[in-house]
Amino acid sequence: MTDTSQLVVDERLKPESFGAKLMKRPELGAIAGVILVVIFFAITADPAMFTLSGFMNFMTPAAQLGILAIGAALLMIGGEFDLSIGSMVAFSGLFFAVCTVTWGFPLIIAIPATFIFAGCFGALNGTIVIHSGLPSFIVTLAFLFILRGLSLVGLKWATGGSTQLRGVREAVEGDFLAPLFSGDAFQGLFASLANAGLVETFKNGTPKVPGIPVEIIWFVLIALLATYILLKTPAGNWIFAAGGDKNAAANSGVPVNRVKVSLFVLTACCAAMVAIITVMDAGSTDARRGFQKEFEAIIAAVIGGCLLTGGYGSAIGAFFGAIIFGMVVIGLTYTNFDQDWFQVFLGAMLLIAVLFNNAIRKRVTGER
Amino acid sequence: ADIIVVAHGQANDPFWSVVKNGVEKAAEHTGANVEFRAPETFDMVAMSQLIDAAVNQEPDGLAVSIPDADALGPSIERAVAAGIPVISINSGSDVSKSLGALLHVGQDEFDAGKAAGEKLAELGGTKGICVNQEVGNVALDLRCEGFAEGFGNEITVLPTTNDPTEIESKVRAALDSDPDIDTVMALGASTAGEPSVAAAKASGRDVLVASFDLSAPFLQSIVDGDAAFAIDQQQFLQGYMAVNFLALNAEYGLMPGGNVPSGPNLITAEKAGQVIDLSAQGIR
Amino acid sequence: MTVDTNFHHGDAPDSAPIVEMRDIEKHFGNIIALAGVSFDVRPGECHCLLGDNGAGKSTFIKTMSGVHRPTKGEIFFEGKHMNFASPRDAMEAGIATVFQDLAMIPLMSVTRNFFMGREPTKGKGLFKRFDTETANRIAVEEMRQMGINLRGPDQAVGTLSGGERQTVAIARAVHFGAKVLILDEPTSALGVRQTSNVLATIDRVRKQGIGVVFISHNVRHALAVGDRFTVLNRGKTLGTARRGEISPEELQDLMAGGQELAQLEGSLGGTV
Amino acid sequence: MTDTSQLVVDERLKPESFGAKLMKRPELGAIAGVILVVIFFAITADPAMFTLSGFMNFMTPAAQLGILAIGAALLMIGGEFDLSIGSMVAFSGLFFAVCTVTWGFPLIIAIPATFIFAGCFGALNGTIVIHSGLPSFIVTLAFLFILRGLSLVGLKWATGGSTQLRGVREAVEGDFLAPLFSGDAFQGLFASLANAGLVETFKNGTPKVPGIPVEIIWFVLIALLATYILLKTPAGNWIFAAGGDKNAAANSGVPVNRVKVSLFVLTACCAAMVAIITVMDAGSTDARRGFQKEFEAIIAAVIGGCLLTGGYGSAIGAFFGAIIFGMVVIGLTYTNFDQDWFQVFLGAMLLIAVLFNNAIRKRVTGER
Amino acid sequence: MTVDTNFHHGDAPDSAPIVEMRDIEKHFGNIIALAGVSFDVRPGECHCLLGDNGAGKSTFIKTMSGVHRPTKGEIFFEGKHMNFASPRDAMEAGIATVFQDLAMIPLMSVTRNFFMGREPTKGKGLFKRFDTETANRIAVEEMRQMGINLRGPDQAVGTLSGGERQTVAIARAVHFGAKVLILDEPTSALGVRQTSNVLATIDRVRKQGIGVVFISHNVRHALAVGDRFTVLNRGKTLGTARRGEISPEELQDLMAGGQELAQLEGSLGGTV
């Protein structure tokens, strides 16, 4: 009883392998799936897929999806869903395009305005969910329809009848904030690398990869930040608690409602982020932007180990989940499979990746 | 030769499956190695990424549809910059040249809609609905806009999903609640056209029904007099010609000097009978 | 089923109560859980709340700690009229509670559960972060003091044994204990050693001037630490007695709602 | 202690109004929403909506959705999801069409074959979920893609290149089973009612409503049967238990795995049922049948009060949920609203119906 | 922390054991919960399983009732080697269990929980259906016999008080009780009256020839009904004693894992 050392070896513990320790973390569970998918495509796909440009090519959609998926994952860990993020991408994209094109605001105003705008809808979603006690599934579903519909109405209003609003690229050209949210980063570096022959070039000498698409950089930053929040801050603890058991968390003094509303705002802001990036990249927006992205974001989060019932998951898992999903979707086009079979392969690959993942984790951690 | 086709419509879309059949036929005839790719839904961001993926493989020819020149422009220009011959198909005739495509095979959706609208107005239509099973798909929206312009009279767009039962009920509801509606323009024969015919019949009214694209049952309705006409852009050609041109270009450096219009082509009762079988095989 | 009680009503201790509850009623839809209960806790005393199963004890203390809003009745905290909107409010006012269902998140680790809602931080400003090492150290140490040697502070609470889990909840409440400590059947799943530790802990915090509300079905445990005893029956209070004014047998009789006990052979002389 | 009467008045109970007793049942919760929607359309919509033919018109899609929704609701109560039902509609529709058209089987063979075929996939879904321990969300999602893809491949194979297989109507014409699964029931009755002037007729004297579409009858029958199973049989108890807490149920001796696999089979059979009805009605099938129906079915079940976390809900709730959804979707066409606003209204109506529902229930049962 | 035991090893009773467990080990990942435990129950006896928190008692009885598969070791049921694949198997063989976590579904009614997995039916063939009236009647009656007067059989278990809920689980196990009845801390949340009813019930079923496994932290309860006592400590068994061979103080010492107890003032003389 007087022994104060906590590090005394407990005879009730077996030694644990390093692998087992790693695989226990939900963050790392999805890695096995990534490896499997890479191996699959290394065998079946055109070698162009694993060149630098091929990598950027599949990472770009993965990053766009991933930014949404990380928001969705945090919200799912907190015990709620947001089905309106896909529509939110369209709607905040429209808002952003109207700000820049129709109203001619500079980015320093348009971007914060878009985030605030999206955040307000997120807060609205959250408030309705909290105060009605209804499942967030049904509340945000209503907003899926409402925001999608408003995007259509707004587009027609802004363009005088079309469902496509163009001219964003011209409107933001030369704005000092533009390079933060569009195009490729480190272009100078890549150009000199290309000159030095370290990056592949096209026949005409321009580098095949002009730089790192900004969304990839944002994606990594957001994943790191979300992981930091989840694992290293009190807020992270509250998110897990709110999702694990709402009543128990509230009874222990966690401000559950505040946590949930903040998560809805955060998710909406992730959607706004993706909207800004894609609208600036594409230079236009239309009424179908972000269609079904809510669904893909949830898929990525679940592949990455989040539980639909809340209270368990990780941002890094969602990060890898988005990469798996993005890699499979784009990767299949690098293979010789007939497009008719595309969905069959997509489904099969997802299933195999997740099953494999699961099997590896069970084996390594010794669960039965 | 390696040729890649990137389209905005999916392989399971009745319209685009015919394009794909054309592509395959051309591959068979030319011996080229051809791949057809499309995003999971009408998604311009995803489509530009698919074009990028295609460019990375440095094929000997690239055929793309261009429903949104802003969104797809940079990717197409990158392909051109990389020295890949590009042909645009289906949509984008107006921007094809400026983006550096060699030529355009297809028909403008807006023009097709306009032609259909004019024909329906000529047949006596006064108030119409445009059944749009995928609102926000710019290609389909353009068809409606063209229809409105050609028709001249009042039209409303009826947004629906892909579900035939729902479309039938909604068209029925629209007809029941406004006795003045006498024209129904469907944007796809099998998804929207057939249920519209059924709804028109069930309403017991005399309604002009027309549709974009073809399907065997819809053509049968035309023959039977239940529908007015279908508007066909012979999309088989869009796939077939584009691949053929690109293959010839890769082999001999040949390329026609101008755009190839593949439609529009109104299929009325006289012609409908002949194309039913071809339609059932996915060629018309 | 009415009780003809020979219960001695206790005199109030000298100091003013920290929490006073007057004529609390609580209805759930058409179910009447509390039909008017008055109760108070004073600094430095252990006030036992006793009663049959379903008498309304847990409902009552949940009202006290902000989980339920009373249907009728008033709550005074340190003399002021109070209406806790959430358990967090009550906690901030200084009420720490061990609920009967423990309020733990099974999927989270012991440390995370221990500090849930009141995480220790280190660093400043943007880099203010959850101080995991300190938290782990405190959690393991507090558990050890209660008599539980954890394998590690990162074991999920859902995989702990029943008693280990209950100990986490108690250690947590004691660690953050403020002005009032409410314990709802805290020893129900505990081993003998852990139980005696908890009873000793109650005694210790009482000496520090904290008011303790202790719910138990064990007459001996209640008598061991209690200063006053209030008995509930079917949502009503049967009265309050001070220590020494009531015999174990009388108390047990009241706790059983006045109904007779099954006859037992064996060594259970007097009290169960 | 000697009082054996259970009916003694307990002083711990307040008298409860009849309304409160009714509203406590999840079966009846959704009724308030139905009433609200009816009132809304009675005011805003063309009177044609509430004629007999208008009623049949919105009930037909509602019934088709409802058959799926009841299956989905049972599965959700049992704690699982099936995202593959929409694709299953397409795939089993294809199988059925191939049976009748390509292989020329009579319905007495084709229909059971289709059910067995669908059931096998349901069982496969269920078995993978049970044995891998993965969330059913991700497993059935894989099958969403796989079955959708297989439908396309199968259609092209069956038709030699088209995505539409037609000729079903001709193939089944005259089959004695056909009236059970297609067309309208009670035609004779409606014809005589029309003669008696009780049913509206067209100018030429044929009744505007030739009969009750069979799917409506199936819908009602299935809702009753599912309710009976849920409330009145041991199996119903097992479904609630399996969804409420898998471990607790298993520990109490409920054969959880068997229950769950059966529910997957049942859901797949509901999809097959809808497939058979719609294929026979339309006379053809194509690759996009049932698109997103899984989603709508879950929506209807949730509107009807099912919890996404399992263990709570009702078949009658899903019944009303499907009616609400179907009525709103079709009903908006009867109104004068600009159809660009369609989705905005759809979302708003759903939200209001559910909020209203919830508010009424809370008020009547005295929850806070 | 080793225990120098002065424990008397018990002689085996005459009749053959119903369940015999030999050298059971159970590991969860790298956690060793059971490190080799042997145990048996004979017809008509009440065998108490005692031990400190986290000793492995619940894990052990879960292995016995088919919830966990042992990592090592053998189970014999009525002399035959057995490997229960699921709790249902064990149940069908005749093992009824009250788990420490009760295995109840909070959203379901008392009756539905009571009969979960073993519903009474009426009618024949296609019309065979859940006999709600009979079920309600039995549930209310069995609960009343345990000392709980329910407001109604359709109250959701999640809204019952802790003791009411525990009583449902016990009444259920006793009602379906077959050859072996396992009770994991069944009296932890019960009032005095309910506790004495449960102890009396154990005595009653034992007399009917059923073997009872009784887990408790209350020395007095164990001594009141136990015939044999097995003590676990840190996943290992310290030995088995027969009734009368061991004093309450000795037993309490063993249950505390040999560690000394906190000093308590008050009336807790001898046993906690």
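Note that the chains take the letters A, B, C, D and E in the order they are written out, and that residue 1 is the start of every chain.
Methods note: a contact is a pair of C-beta atoms (placed from the backbone, for glycine too) under 8 Å apart; a residue touches a chain by one contact, two chains touch by 3 or more.
Predicted model, so just to flag it, every value in this text is computed and none were measured.
> Which chains sit in contact with both members of the pair subunit C and subunit D?
Chains in contact with subunit C as well as subunit D: A, E.
> In how few steps can one go from subunit B to subunit E if every step must land on a touching chain?
Minimum step count, subunit B to subunit E: 2.
> Going by the touch criterion stated earlier, list every chain that contacts subunit D and also contacts subunit E.
A, C
> Busiest chain-chain interface by contact pairs, anyone?
Most contacting pair of chains: C-E.
> On a CA-centroid basis, which chain has its centre farthest from subunit C's?
Greatest centre separation from subunit C goes to chain B.
> Quick check for you: after a Cα superposition of subunit C on subunit E, what is the rotation angle, between 0 and 180°, in steps of 5?
My answer is 180 degrees for the C-alpha fit.
> Averaged over CA atoms, how far is the centre of subunit B from the centre of subunit D? Could you give it in whole Å?
So the centre of subunit B lies 34 Å away from the centre of subunit D.
> Please tell me the distance, in whole Å, between the geometric centres of subunit B and subunit C computed from their C-alpha atoms.
72
> Give, as an integer number of Å, the spacing between the C-alpha centres of subunit E and subunit A.
The mean C-alpha positions of subunit A and subunit E differ by 49 Å.
> Indicate the whole-number Å distance between the mean C-alpha point of subunit A and the mean C-alpha point of subunit C.
44
> Give me the residue numbers in subunit B that touch at least two other chains, ranges are fine.
11
> Spell out, as numbers or ranges, the residues of subunit E touching 2 or more other chains.
31, 101, 151, 259
> Which residues does subunit A have that touch at least 2 chains other than itself?
Each of 12-13, 152, 340, 342 in subunit A touches at least two other chains.
> For this structure, enumerate the chain pairs that meet the touch criterion.
Pairs satisfying the touch definition: A-B, A-C, A-D, A-E, B-D, C-D, C-E, D-E.
> Under the touch definition given earlier, write down the residues of subunit C that touch subunit A in their complex.
Against subunit A, subunit C makes touches at 65, 67, 86-88, 91-92, 97, 99, 101-108, 112-113, 115-119, 121, 128-130, 132, 137, 140-141, 149, 151-152, 172.
> What part of subunit A is in contact with subunit E in the complex they form?
Residues in contact with subunit E: 1, 11-16, 20, 24, 365-368.
> In the complex formed with subunit E, which residues of subunit C make contact?
So the residues of subunit C touching subunit E come out as 28, 31, 51-59, 100-101, 147-148, 151, 155, 159-164, 167, 185, 188-197, 199-200, 203, 217-221, 223-225, 248, 252, 255-257, 259, 261-268, 271-272.
> If we count contacts the way the header does, which residues on subunit B are in touch with subunit D in the complex?
Those in contact with subunit D are residues 11-14, 17, 21, 156-159, 161-166, 168-170, 172-174, 176-178, 190-191, 194-195, 204, 215-217, 279-283.
> Spell out the part of subunit A that touches subunit C in their complex, as residue ranges.
Result: residues 6, 10, 12-13, 228, 231-234, 236-238, 240-241, 244-245, 247-255, 311-312 of subunit A touch subunit C.
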